[in-house]
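After this come two complexes, each holding chain A, first together with chain B and then together with chain C.
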Partner chain A sequence: MVQHCIETNGLTKRFGKKTALKDFTLAVERGGIHAIVGSNGAGKSTLFRILLGMATPTSGSAKLLGEDSQNLSAQTRGRAGYVNEEHTLPLWMKAREVTSFQKSFYPLWNQEIYNSVIGYFDVDPEQKVAGLSRGERAGLNLSMALAQAPDLLVLDEPTLGLDVVAKQSFLEALMFTETDGNTTIIYCSHQMEEIERVADELIIMEKGTLQNNSSPEAFVERISYWIGDFVNGLPVSDKIPGYLSAKKIDGQHHIMVADQGADFGQHLKNIGAETVSQSSVNLERAINAFLTKNHNSPDSRV
Partner chain B sequence: MLELFKSEFLRYRKWSFVAMGVFLAAFAFVARIKPFLQPEATQMALSFLIMVGGSLIFGLMQMFLHKRPNHWTYLVHRPVPPHQILLALLAAGGAVITIAVVIPWFVMTAGIDLFTNDIVDIRHYVFILFFLLSCLVGYLIGTLAVLNASKGILLLVVLMLLLLSPDPVTNFWQFFPATAIIASLLYLNFVSFKPDLSKHTSNPLAIALLAVPMSGVLVYGLILSTGIFYHIPLFVMGVHPDNNPVEDSFGYMWNFEEKERPGYVLANSQHPKAALFAKQAELADVEWINTYAWIFGRQGQLPMKDGQYALKHKESNTIWQFSHDHMLLEGRHGISKKPVGVIGKNGFLAALVDATDADRFDAIPFLVGDKFIQTKKTLYQVNFDERLLDIKFQPAEGTTILGPPQFRENFVALATSKNTLIFDKHEFLDEYEVAVPEYSVPHPVAPENILNILTYRMVDGYILMYMGRHYLGFHESAAEIIHAKLDGGVESIGIRKFSAKKHPAWVMHWEDIVSPVMRVLNNMVHHAIEPTETGHKSFSELMAQRYPSHIYWIVGIFQMVSAAGCYFLCRRHSVEKQATITWTILGAVISLPAFVACMLMNPWRVEKTTA
Partner chain C sequence: MHMSKTSTVNIQIVTGDTRPIFKQIVDGVRMEIAHGNLATGAKLPSVRGLAMQLMINANTVAKAYADLTAQGLVEARQGLGLFVSEPRQLLSDDEQEKRLKTAVEAFVNDVAYLEFSEAEILARIANALTKLGNGSAKPHEEN
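== the complex of A and B ==
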């Protein structure tokens, strides 16, 4: 039987008239790094809050490491780490004190991992957390989260606001641990290059619904990129199956579609394209096209 | 848990020591200008306001800082059960308050005890504990206001009134309310502390513990509501009874000058001399006496309940202060602070060591002016020049003095449990004379039913006009004229019953209509704490009160409407079944305040998105 570290079933969360999660069903297998991607308001934070028991679903259920999220035991909480984008830590304590404080709660604390990860960051143990840079704080937070040897580690936009160097260190540390440990990592980010580097699985959320749960490669395969000459202009999007986006560049229409086969080129010819060619697409462009398909934007097709 | 406590304490450690230093400096300043351990009402009120209010704000702030979304996740999402996390936070908060509050008080009390001759009783140390408990109540209300999803939790601040306002008859009643309130608040904090703070509690006990005190506050708000739907409209229309006195109502008397009132009261009297007395009263000197039963001190009472703290003798510059530990007045020089002797119930003694148990007072006396010491049984007069203590007046066996002497222009009055006594003023103030009353007038009704006594000096004695809203019973107002004769005779000249009422019965009894149960509860609690306070009725006294029959109907309708309102409100918000039942019962029992509490404690609208 497949073990899931996260399971949701028909999860719905409404805030008044707004629906943050809508009949959201997801099962995340154990192991690897699972990236969660979605635009602002897609419901990622709500999902994490429900999974950690900080919010109550309007309907449906959520399980974390096999346990109902609404009644998480202290043991299960000990097996699931959580790092938020603010890297919340007690600002009034020294780095050394915070580490010792955190260590006291986790019997499986792995000092070696801590030492290895903290080595990527220039953190003075005698420095108060309030005096650490954002990157140093992120490093300290990640070091402690990984040293707890959690079965599941949720990283909610952990590199937000970090400079290039800090971000690089963070990702290297994370990837290093991923190879050494048995921790399942849920990595939520808007940084596509990060996703591309670290993700084993890609979960895409949009407007509170699940849009994709597959490997990044499988997702990229779903997206195809076509270039065509439409003398009479591009037909309305309803006539283009799987339509994601289109742009007119140098008189040619560049079209991205989802879930279309090799015969899509013929379809484009049937609706007016004189010439058609297919081009490759990378993960970032595929995700961007996917996420922006339902967003309001000026029509750039003509 | 210990690590969490240490971390939380570390967060506020610096500020707690800063607060401690500031308070110590302030206390030292106060001690330089006045006796620190004999605080005046304003000083004590200010201390409570700053320290208890500060504790409340600290509780609010502490939990609010944790409640911010990411901080909350950081706090709660760890392998520690929620109740242990809260325990660590509250313990740290308690430690911070202890440092900021207890240490300054203790340093000052112990310092005065060790390094001065000022009287420091055990009760002064006990007071520190009470102060700490009061601060903890404030603190826990603050934490609860943030942790509990219900609105209006801050109304629980009214619990402070239950702690601070009464004069408890025993140490048990001094500390039991505070302990019970702290236990309840701790329970409510633990029930409220959960990962999802937006969840309203459905625990029946927690709902009841929140709703009952909240209803106690809301009662006052609802009582004031008569202003909106009765008083203000009538004032606007110009027909309010205050501006249009209702004839033959109790308040109608105030249309008359004091001198004319006996004439009004005696208008229908059949007494042959009624008209004569009415005429004489118009020419008489008018003064007044009250029969209010003062609450005498009790041994070991907290210093904030002390009245006048010492007798001062200007000529010898000595201060004589009552010690609860020794039950004696201990004297010291005003400047050198050296002991100058003690006063026991048998007179002056050279030193404290000379006092025997027979010298000690049996009860805590009132100190009146600069030369009277008064217990319920005896009024003593001190002659400092000759170091004499004389019994000025002692009522008959089985009779107690209700309050201190009332000094008026022409006489001194003393109310006892059975009589009103009028003394010649010069004789009363003569240090070498025993006070013998010129007039001793038995109370025509129970003293607590008498609002006031107006006195009219006559050629052959006094006319005493007794009056009260409940003179003849519950809301049976009347005024009675009694002639106290110079020869000792007492005769009732006439009584006027006021059959008309100023306001309709439903306005007059609105306080009882709003929530009979809360009124009974409030009276019973206070009656248990301070039975000597006649303003609070016992259960049997309350049950003996009779209302017009339609008042009972209004009460019943309000209770049913409140129960139905609570039920439908809970259904509308999909409140859990057990909570719905609890609220419905509370509505049926407590009536309107419970319905308002139900609205305050359940969500008004759905929360906004944070996704």
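== the complex of A and C ==
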């Protein structure tokens, strides 16, 4: 039994002068739902393309379900599913034709799972794909992806553009369908509410590097929010360990930092704060603080 | 077998809170027990059931249940599910003292600017505690 379903080591990918992945080392444990968050261009798509053997790394290595991504067997490739936000399907086929076509490729196809997932959506099997709503296509895609009983399923922004009802059906089908429990789900999303509801683990990528791989709660605990009175202005950021961002509000500096202990307040006093207080953060603020690192408001140094 | 029917847990969770969802469940169940809505011996919803009710990942509910079990508020009965435990002292005297102090400070801070007499405020508290009944706050015991 392989321990990790995804494993990369020093993975680097350059496109000309642009570095999409930089010495990227990640191990994703089997089981559960792992959310991946990152700004556009953080390297998510490049990572999946390499993992699925559709692109070659500049250096470093990547393993999918224990097998080198550059040398995937047809069998391993068949155990990994990928659903993106486009929910592209052949428009001229009827829903049931798409399903039976897909079914023929997967020996492990589980019709019970298919029926259970599609039950969350109102898809008429006789309807042509062209006539299905975006939510119905998403449902059809998810049903087929889960019915393949994959060991790994990558969902890339799957609920983008879905209405409230379809989104709820999608999340319920994903979380509550009784599968054999061996599918590891990688869930890419920008929607914090979804992440909070579905994610067991939170992976954060920024500019091609790994910034976090832990439970969402453990991640939030890494971030702290301080408010200080710096009468002579805020010192440069390299004097502030773990610095993420700062904002000046009503004459006070609001500072977000990572990985600092309770003595950080004293440190702020040592570098010029007259008074210091601490505030709490939620998941969304903690993630945003990371993703917007070094994007200061214009007056933060005043 | 008694009380094998699952009790309804009337808790709400919100996203975007500074408390993680599993903590909101722990706090919610604790309040339900304190208010007597979940009596001793009451059966909690299954992990999957509560996850579906709250529309969250089942692992999050499992984590909350593990926490409640570790605190001694609920206990697992082999193959039957999770049940509310007999009340017993779960926290050390020091910890109880600390929590009471924090709660009183927060309360006093909230009521300090209101125009009620001390007697009125005390009467209200006494009333609220009586309503809690057999919950966490016990009537004064004679020595």
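To be clear about the criterion, the second predicted complex is superposed on the first by the 287 of 302 C-alpha atoms of A that agree within 3 Å, B and C clash if a C-alpha of one lies under 4 Å from a C-alpha of the other, contacts with A are read in each partner's own complex, and residues count from 1 in each chain.
The rule is short, and it goes like this: a contact is a pair of C-beta atoms (placed from the backbone, for glycine too) under 8 Å apart; a residue touches a chain by one contact, two chains touch by 3 or more.
Remember, it's a predicted structure, so these values are computed and weren't measured experimentally.
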item: Combined model on chain A where chain B meets chain C, clash or fit; value: fit
item: Partner contacting more residues of chain A (chain B vs chain C); value: B
item: First, second, both or neither for A:175, with chain B first and chain C second; value: second
item: Partner chain(s) touched by A:28 [first = chain B, second = chain C, both, neither]; value: neither
item: Chain B versus chain C as contact partner of A:192, first or second or both or neither; value: second
item: Chain B versus chain C as contact partner of A:74, first or second or both or neither; value: first
item: Chain B versus chain C as contact partner of A:203, first or second or both or neither; value: neither
item: Touching partner for A:223 - first (chain B), second (chain C), both, neither; value: neither
item: Vertex chain A angle, Cα centres of chain C and chain B, expressed to the nearest 10 degrees; value: 160
item: Chain B versus chain C - smallest C-alpha distance in the overlay, whole Å; value: 28
item: Residues on chain B engaged by chain A in the complex (per definition of touch); value: 3, 6-7, 10-11, 69-74, 76-81, 195-196, 198-199, 605-611
item: Chain A - residues contacting chain C, complex; value: 32-33, 168, 171-172, 175-176, 192-193, 196-200, 216-217, 220, 280-284
item: Chain C residues touching chain A - in the complex, by the definition given at the top; value: 15-18, 20-23, 48, 51-52, 55-60
item: Chain B-facing residues of chain A, complex; value: 13-16, 18, 20-21, 41-46, 49, 52-56, 70, 72, 74-75, 77-78, 80, 82, 84-86, 88-90, 92-93, 97, 100-101, 104-106, 208
